[in-house]
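By written order: A, B, C, D and E. Residues from 1 in each chain.
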Amino acid sequence: MERREPPQTDEGWYVLHDLRTIDWDAWRGASERDRELAIDDGVEFLEAAENLDDAEAGASAVFSVFGHEADLLILHLRPTIRELDTLERRFEQTAFAEFTERTNSYLSVTEASGYTGAEAYFDPEQEADPGIKNYIESRLYPDLPDAEFVSFYPMDKRRQPEQNWYDLSFEDRAELMSGHGDIGREYAGKVSQIISGSVGLDDFEWGVTLFADDPTDVKDLLYEMRFDPSSSKYAEFGPFFSGRRFPPSDLGALLAG
Amino acid sequence: MERREPPQTDEGWYVLHDLRTIDWDAWRGASERDRELAIDDGVEFLEAAENLDDAEAGASAVFSVFGHEADLLILHLRPTIRELDTLERRFEQTAFAEFTERTNSYLSVTEASGYTGAEAYFDPEQEADPGIKNYIESRLYPDLPDAEFVSFYPMDKRRQPEQNWYDLSFEDRAELMSGHGDIGREYAGKVSQIISGSVGLDDFEWGVTLFADDPTDVKDLLYEMRFDPSSSKYAEFGPFFSGRRFPPSDLGALLAG
Amino acid sequence: MERREPPQTDEGWYVLHDLRTIDWDAWRGASERDRELAIDDGVEFLEAAENLDDAEAGASAVFSVFGHEADLLILHLRPTIRELDTLERRFEQTAFAEFTERTNSYLSVTEASGYTGAEAYFDPEQEADPGIKNYIESRLYPDLPDAEFVSFYPMDKRRQPEQNWYDLSFEDRAELMSGHGDIGREYAGKVSQIISGSVGLDDFEWGVTLFADDPTDVKDLLYEMRFDPSSSKYAEFGPFFSGRRFPPSDLGALLAG
Amino acid sequence: MERREPPQTDEGWYVLHDLRTIDWDAWRGASERDRELAIDDGVEFLEAAENLDDAEAGASAVFSVFGHEADLLILHLRPTIRELDTLERRFEQTAFAEFTERTNSYLSVTEASGYTGAEAYFDPEQEADPGIKNYIESRLYPDLPDAEFVSFYPMDKRRQPEQNWYDLSFEDRAELMSGHGDIGREYAGKVSQIISGSVGLDDFEWGVTLFADDPTDVKDLLYEMRFDPSSSKYAEFGPFFSGRRFPPSDLGALLAG
Amino acid sequence: MERREPPQTDEGWYVLHDLRTIDWDAWRGASERDRELAIDDGVEFLEAAENLDDAEAGASAVFSVFGHEADLLILHLRPTIRELDTLERRFEQTAFAEFTERTNSYLSVTEASGYTGAEAYFDPEQEADPGIKNYIESRLYPDLPDAEFVSFYPMDKRRQPEQNWYDLSFEDRAELMSGHGDIGREYAGKVSQIISGSVGLDDFEWGVTLFADDPTDVKDLLYEMRFDPSSSKYAEFGPFFSGRRFPPSDLGALLAG
């Protein structure tokens, strides 16, 4: 029973996926004035978050979510976990919060790992290639892509007798990650991603947030990956949430159907 | 650890299965006038959806669902995901929505795949046989069959050590899909289906919607398939929802028992 | 990877198990008059169902259920699924429904299968033995036994690598079913059963409803079966519901404690 | 595929574990008078149950439960299942019930089995040793121990390919049960137990109710057992509920914090 | 089928993790006066608990929790289980409790085990090394570290055919625990822990509460451990809760966003 070598990792911004349903019964029953106050308050909160009024760095966005499990995904990335804590509670102070219920959430932190090509970045004795450094920093401190469709899901690597990711050698994992990454690169320009680690923070090991203009590109990418052993043998997926990004100023239109 | 070849797929219309219970306590307590308003509004929404007033193409239908998990299944197929988003929220603007609660939902997109016989359709260098082309288009842009009974369930293919669909060779999968399809063809004229993919869109990999006049034909078909290795070894089923189609104009009668 | 031969099956009446809790808070808070109206309405609905006022054939019964998951099991068997749909919604029109919440349900159809001894019944070229025919018809169109105790549970047959019912040969399954049936026959006169299939209708593959005057006979029967390979290796059980039958006219006494 | 020999069993009293939370919001909001009425009614019900006013034999007790899943465990043992049905519904007639919600429950029947040493008891041709007979009767008709701490959990024996209790020979099971019992006997005087069977009655196969003055004795006993193959290979545990017994007359003090 | 030797254990303080959401709708709707009363009452309860006004020994702390599953974690350690029972119910007497809902909880007791280095401590014939004795007592009667971030999760050791912790020899387990501990020691000064046993007390076997100033230290520690066979093969994790400690006097500020 041998201990396997973990990859080195670096972490960037903390990430909160805050999923909420709209309480449509309350919304339909509200007066015009209460609705306006709620929309104003909601827009103000969401715009301030997107403008980073509360922080030196990070990013925020809001999405309309499909299906019964949520109507809204509010996504925040911030340098400290304290800022996420404040944002989560500050939202509850808005008049809009009264018309929402929290149904899901995910806490994680953007992560880059030293499986392939990034060894130098993680070696304190080496000066990393600027290209690699830029690449890794773009993963740790991502720009939110300006794409319409979002897909979010948490995932684990399996630890079963014949499908135990954590019992593979470093080399085997690096090779699998490299093949996995090759598929992702085929979709460059069509699908972009934020990978965030959540071991010790939330129920799964990673959160994956994918952005695309065309939802079928996300479907094609993930379906192709499912035939790659990194997924077919070693991935365990949590629930999937699909949404469409909208500018905070459209909140009123969204609530009006 | 080898990467397997995925099938080519084509996608058609996006599909939303919107499952709702009726809040019978509220319904019994409502005034005659509020009930009438709700029915009028509900019928108007459902008829407009069936008439495709909101879209260039697609289809909609409504079903009475058995059991405690839902009373209604509202099914929408539309060319864009944006149209589904709008339909979902527009329903909430109706006076009828007040008497319903969302209990389940499923987001997917109609899918045809290149496992068998359809290679030419997916080969850009070949001109596909018109019969195949028609067949595939009828799967991507289906007419909703005029059948009384509906059965909807989401499903996955397994990824377990001895039952790993995604680790089979393309040929093995094609052969299994072909045998699977042979059973389906025995039920032609009795059971028709809409297959929609949901990798990256919702929690399972596919949604299956079956239509039949006689529910025992659906039972016989699925029971026979369960003995086929594509199901017996590789299928994992989600919850099943059974319903009966009704014309929107019967909504009042349905609510009256 | 071989396709296995399914058994032939015949279907009789559709079955709805409608499980409800009583909203005791509402009941305690109701006026004497509202309680009386509710009881009258509830008794009328239940008696009409037991008397088959709505149908040419079938059966209905009501049971007091133990524990927090339900207080009532309303059981309906009817020739068509449309009749079950109507009964389910008609109950909601009663004043009694206001004091109940749906917590579970199961949709299935009585089933007889051609594993053993019944080959001739399923062979269109053969005239079946009248004894077999009577036996099968008693399974498809059962009389509800006049027993105090009921136990209901849904179940699946497993499809795991070493415990895959659907990958056994027909002969192996027939032999297992025969042994399984032998145990059941030891309890003839003590425990009677309704077996109903639900593939494509609800979340499990079968519903099992057992009737006995002495609950320990049900326990003994199922415990003995658990050591038979048909159960020990191949059965997967859903939740169990236990109840006691009562005549609809006792509804008021039941609600009075 | 061989059928294994089940042990003989004998059954005694039916057992209901009735788990409830207190609706603290309602309690804080209630008038002093309503609280007094509720307490009086609750104490009267619980004392009558402990005094067996409703039955010839049996036992009842009430416990304060730790954590969010329940605040109260009301435990009843009675000769017939009808008596449990009545007790469950009679509680709902009390003014105290209004301040509680049912969150869990378990229905079972005290059980003794013929694995070891008790063969003669189960052999109609033999006259059983009076010691064995007393021992078995103490398991079927137990005195509730006067201990402060209670731990209740339901459990199954596994039916997996390499861990299939129901596919072991009678001798292997008897030996395992004997070893299991040896551990229990080490804790005689410190931990006492009620074992009740629930095959066909509730979702698991057995309920286990342990009593001790010192909770760490229960922890030590169960931890030691976990290393015994009867548990390490064959036991599957449901949820655990921990509580402290209190006399019904202390209900008011309990509700006052 | 051999019984394995359990480790000796010693237990210290009982531990209650009490997880609650804030009812933000009620909070927004409350009058300024009701909010002040609630905050005063909440602060008084939390400060009294931290000051151990109710007990001779122990510790308490309160944390703001991320995500939808809880807003607050109230952590109590006390010499007796009776004290935890009282604290849990006493909180419900506060005006602040009205603005909270219990969503999760965990009952356990601090535990030290005799796997490595601590044999002498558990040997009644030997006088233990004072260093070991101090170490063990610091685990049984821990000081709550003054760190900002907390991560709490319950866990089990697996009992599967090829991954059965409870079927390993004592020596193998001791070696695995020793390797596991080595990783923990690398994080000394960065991450500190409370390990509490819950066999027979709650649904998992242990609760793990980790404290750190930097959440990525917790993530790094647990990620590194995941590659160690004690976790990669034998650990099964429950839900993870992440929070930030705050002094009770900040409760008002927390509720104000």
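To be clear about the criterion, a contact is a pair of C-beta atoms (placed from the backbone, for glycine too) under 8 Å apart; a residue touches a chain by one contact, two chains touch by 3 or more.
Being a predicted model, the structure only gives us computed values, none of them experimental.
Subunit A and subunit E carry the same sequence, and matching their CA atoms takes a turn of 70 degrees, rounded to a multiple of 5.
Shared residue numbers account for under half of those found at the interface formed by subunit C and subunit D, and the copies are therefore classed as meeting with different residues.
As a whole-number value, the distance joining the C-alpha centres of subunit B and subunit C reads 28 Å. Chain centres here are Cα averages; for subunit B and subunit D they lie 46 Å apart.
Across the assembly, subunit D contributes 160-161 as residues in contact with two or more other chains. The touch graph of these protein chains is a ring, one cycle where each chain has exactly two neighbours. Taken together, the subunit B residues at the contact with subunit C in this complex read 22, 24-25, 27-28, 64, 66-69, 71, 148-149, 151, 153, 160-163, 172, 175-176, 179, 210, 215-216, 218-224, 226-229, 231-233, 235, 239-240, 242, 244, 254-257. Of all the residues in subunit B, the ones that touch subunit A in their complex are 1-6, 9, 11, 14, 16, 18-19, 81-82, 84-86, 88-90, 92-93, 95, 97-98, 102-107, 109, 159-161, 164, 166-167, 197-203, 205.
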